[in-house]
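We just call them A, B, C and D in the order they show up, numbering each chain from 1.
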Amino acid sequence: MTNEAYNTAELVAVMSARVLEDGKIVFGGAGMPLISCVLAQKMHAPRLTILFEGGVIGPHIDPKKLPPSTNEQRAARRGNMVLSITDVLLLQQRGYVDYGFLGGAQIDQYGNLNSSFIGDPDNPKVRLPGTGGANDIASLASKILVAMHHEKRRFVEKVDFITTPGYLQGGDTREKAGLIAGGIHQVITHLGLFGFDPQSRKMSLQKLHPGATVDEVEERTGFEMLIPDQILYTEEPTAEELRILRELDPDQRYTAAVEE
Amino acid sequence: MVRPYAELREVIEKKDRGLREKVMSLTEAINLIQDGDHVAAGGCHYSRTPMAAIWEIIRQKKKDLVYSRSISSTEGDLLLVSEATKHVITSWFSPGVTWGVSRAMRHYTQEKLAEYEEWSHMSLGLRYRAGAMGIPFIPTRSMLGSDLLPRLKDIKEMTCPFTGEKLALIPALNPEVAILHTQRCDPYGNVQSEGLPFMDEDIAGAADTVIVTTERIISNDQVRRQPDQTSIPFFKVDAVVEVPYGCLPHECYAAYEPDFSHMDYYVKLMMGKGPDGVKEYLDKYVYAPDSWEDFLAMLNFKDVLRATTDGRSVYND
Amino acid sequence: MVRPYAELREVIEKKDRGLREKVMSLTEAINLIQDGDHVAAGGCHYSRTPMAAIWEIIRQKKKDLVYSRSISSTEGDLLLVSEATKHVITSWFSPGVTWGVSRAMRHYTQEKLAEYEEWSHMSLGLRYRAGAMGIPFIPTRSMLGSDLLPRLKDIKEMTCPFTGEKLALIPALNPEVAILHTQRCDPYGNVQSEGLPFMDEDIAGAADTVIVTTERIISNDQVRRQPDQTSIPFFKVDAVVEVPYGCLPHECYAAYEPDFSHMDYYVKLMMGKGPDGVKEYLDKYVYAPDSWEDFLAMLNFKDVLRATTDGRSVYND
Amino acid sequence: MTNEAYNTAELVAVMSARVLEDGKIVFGGAGMPLISCVLAQKMHAPRLTILFEGGVIGPHIDPKKLPPSTNEQRAARRGNMVLSITDVLLLQQRGYVDYGFLGGAQIDQYGNLNSSFIGDPDNPKVRLPGTGGANDIASLASKILVAMHHEKRRFVEKVDFITTPGYLQGGDTREKAGLIAGGIHQVITHLGLFGFDPQSRKMSLQKLHPGATVDEVEERTGFEMLIPDQILYTEEPTAEELRILRELDPDQRYTAAVEE
């Protein structure tokens, strides 16, 4: 990125917030997803309802006190309801949740996510913290959104381990496995917005962010990204979006420039 | 392994379920745990963690426990490094998103010194729920297609006899012991928790033996004034221990937020030196103090004061 | 019939689940019900019955409804005799133990004018719960061996793949409409009920459309002060109607006990003249009054006063 | 009965109360079961915990205000907990409940109860109110107690309809059906106490009440009642038991002499 007005993490946060429609219900994870949800509420989606895994429906998040976990009392502040973890996750199985918003350590061409093992699961190089509710969210929420930094080591042809199901092996393999609802809807990176081909279920470029190039996307992707004939571009983050974002995360605990 | 129904019934039938006082010391309560037991902890991550109970488990040198919890934070490190457990069942295991991946967890799992059995958050919740309902499984539409499912011994897939849809059958989990912390409990064991319920109610219903630590012991008369505030009935509970600040350095809803400075101190030690850092912490904060109160007294008073002021501010509106 | 998952998902996805005001009149709310719908009512027996909603259903001359409820009391008679329903699903059907077996129920079932589909109390509860969880069934160890089970179309038996034990699979029930009465609800539909919960929470989660009548409409601000008191979240609810004394002559926990003198009057009429007695009652108390308030005004003020004093005395201790 | 000091219903209530041990948990139905539970609490079992189908654990029942239903707020008064109907009934499936205490319209030699249909279920002479929680209680509670008036039309060889399972067709048919816990433990009538043969599961006389005779039992029983060689007798109701019972039900709403 050449633009100096914002860093890559801030760009991802702003672009993620724009995806969230007003009046919908989003199941938000800690970190980037949470900050994007709150930004969306302050911008165009005041009636966006946030659900947290800890058991919270529609809390009011204090801008200066973004909770580092969604399983603690600050994430419950002035909620419309608190309920058990099992029951809040079951709301997705019933179909109440429009968006499941996840971060990801590793994603593949079919949108499968890995947050369990780097390397061989039986002999891992790194044991990651695990799924938490991500597997449930990706199996049950209507539309899955994933926000991440775009790097070759993160965008791999095949994840080492499918913690969180995207379209599995592509085609109708997700439905065949019994996941008849939901599916990964969009991947938001610092380079652009990405969707999935309706037939092959392979990841495809939807829009580039201002300044990003197809070459850059291909360089930073470990599999063959589907590229449309005509390249569309997103709108640059506005001063207003950046101002609010920085109010939410003054110390850049979640929106610091990503070191590679 | 799903336990046979006849065995589960026999265990509950033997329990003294009459209305009786069961207030005891932390030591007496933790004595109810046997080496090799499956111990399930209430709360989630660094919230409403039964830390005093875990602290005493480690001091009593329990061995070969199976430890399960919704999400495991720093208490999981302590149980691994103290060798109280070599088998943790949870859905996510590290101090917290902003603190990075636990080096202790990585060391013990990557070196195969311990097993981290990973279930999705909801399916672990359904395991406790099936256990609490007295049924061997609950069907779900989650976990399907992932690489998590084939690594788990007890889970099965089936085609729904009503709809023909594919389902995952989540097996019941009935732990030998549940350890829970709450804000309010009467001497008989009627629990009236506030705020985030997490999985505590299902865990209490699923376990053979239930140990409750509580910020305060309230009168049964107070419980009976608002029976709709009771979340766990007395006859499920076997021990009641009054332990103010029983979750520190973790939080207790509307009572106190985490002692973040102590958490930062621990994480720095653990991430810096790995298991040796945790051993250092155990020696200083778990083995050395004479009592839980003495451990609390080692914390910075001003930090605890701030945590308390912030925690109870939930009711300031 | 268990409804296919894809269909259930589509219905919920179409619902406007945003945080929005949904306060309306009783007439507007009941207009959401279509002839032929399955309508499930909250409360149990003569407690927290959504009587005003049922009263309006009858006035709007709804037809061919399937009516389900935990236990059905006098409101079931009214729905049968008014021919709003010819199919009642419940576990027990009569005004109350001390009032004898409903002559109206006996007439309509024995003459085969209507079907009374009998489930055990718990299995009906599990049907709503499975519906609320988004799963096609919940296994149970009840209903087995009885003559109830073979009379029911949707129930199945299976051998547990984990334990080899025999189980009854209780099918999900997802009604088109739920009608519930509560003490407190905000304009968005956040319900904060008091006292006996009955099956209301599961019914709200299982239904496509949820109509809530409430003793009072409280502010969303009040709800947010105690989010742990919310029993049904706003996005499940489609209509909020303020109806004080909305359960009379039945009771509403901590608000009023039943108007027993009116109940005695109704039962005497119904047991004395059978369906004709109920018709008489419908003409006088349901069709004649211009509004629910006008119906209330027909009750004996002193009886209602006593019912109120006794009802709220729950909090006198 | 010849004794003038108490009527048959009062006798059943007193004898039922005596069966309930202190410190145990009983799931009580409305009417006779409820009154016997409260009497037991006032006599020998102060720590007896009563559960109600309406969703109540351990209420305090106001002697002058016996609720005509166990699904209403007077049955919840000063309870230790109120919970949903489904959850209170599930407590039995988990094994927490020692006694399930039922009344019955019709019982057979294997302890099966009918509260659904008199006559052919497809063409009933009388449609009864139904099972309520009785089927669940009899399937899941550890020991089932049944209190009823002893009449030939109520004690039949085979019930018209098994609403509430006893030992089904006797022998191991109950276990074979999948009901591996619980079972009917005792039947309390105005003539005596009755149990079930451990092998055949047929009803057998345990004890006669004072003044009752084997002939009377056989006259009033529509099947072959097993009679032991040696006849044992219960203790007459005491003045104390009757005094408390009449305090509980001053208007004899539940303990009026049964008309035949």
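A few points about this structure:
We adopt the following convention: contacts are C-beta pairs under 8 Å (C-beta built on N, C-alpha and C of every residue); 3 or more make two chains touch, one makes a residue touch a chain.
What you see is a predicted model, and the numbers here were worked out from it, not measured in a lab.
Annotation of subunit B and subunit D: jointly contacted by C, touch as defined at the top.
For the pairs A-C and A-B, the larger set of C-beta contacts lies at A-B. Remark: subunit A and subunit C have CA centroids separated by 41 Å (rounded to whole angstrom). Centre-to-centre separation of subunit A and subunit D, using mean CA positions: 59 Å.
Mean C-alpha positions place subunit B and subunit C at a centre distance of 37 Å. Averaging C-alpha coordinates per chain places the centre of subunit A 29 Å away from that of subunit B.
Contact of a single residue of subunit B with at least two other chains is seen at positions 5, 133-135, 140-141, 165, 167, 195-197, 224-225, 227-228, 317.
Taken residue by residue, subunit A touches two or more other chains at 56, 76, 78, 82-83, 90, 93, 140, 180-181, whereas all remaining positions touch fewer. If you draw each protein chain as a dot and join the dots that touch, the picture is not a line, a loop, a star, or fully joined; it has some other shape. Across the assembly, chains come into contact as A-B, A-C, B-C, B-D, C-D. Per the touch definition, subunit A reaches subunit B in the complex via residues 30-31, 53-56, 68-69, 71-74, 76-78, 82-86, 89-90, 93, 116, 121, 124, 126-136, 139-140, 161-165, 168, 173-174, 177-181, 253.
Interface of subunit A with subunit C (complex): residues 22-25, 47, 49, 56-60, 76, 78-83, 90, 93-96, 98, 140, 142, 180-181.
Those residues of subunit C that touch subunit D in the shared complex are 44-47, 70-71, 90-94, 96-99, 101-102, 105-106, 109-110, 116, 118, 120-123, 125-126, 128-129, 140-148, 151, 157, 165-168, 195-199, 201-202, 251, 253-254, 257-258, 311, 314, 317.
By the touch criterion stated above, subunit C contacts subunit B in their complex at residues 2, 4-5, 133-141, 154, 156, 158, 160-163, 165, 167, 169, 171-172, 194-197, 224-225, 227-228, 315, 317.
Against subunit A, the residues of subunit C that register as touching in their complex are 5-6, 8-9, 11-13, 16-20, 132-135, 188, 190, 205, 220, 223-225, 227-228, 230, 233-236.
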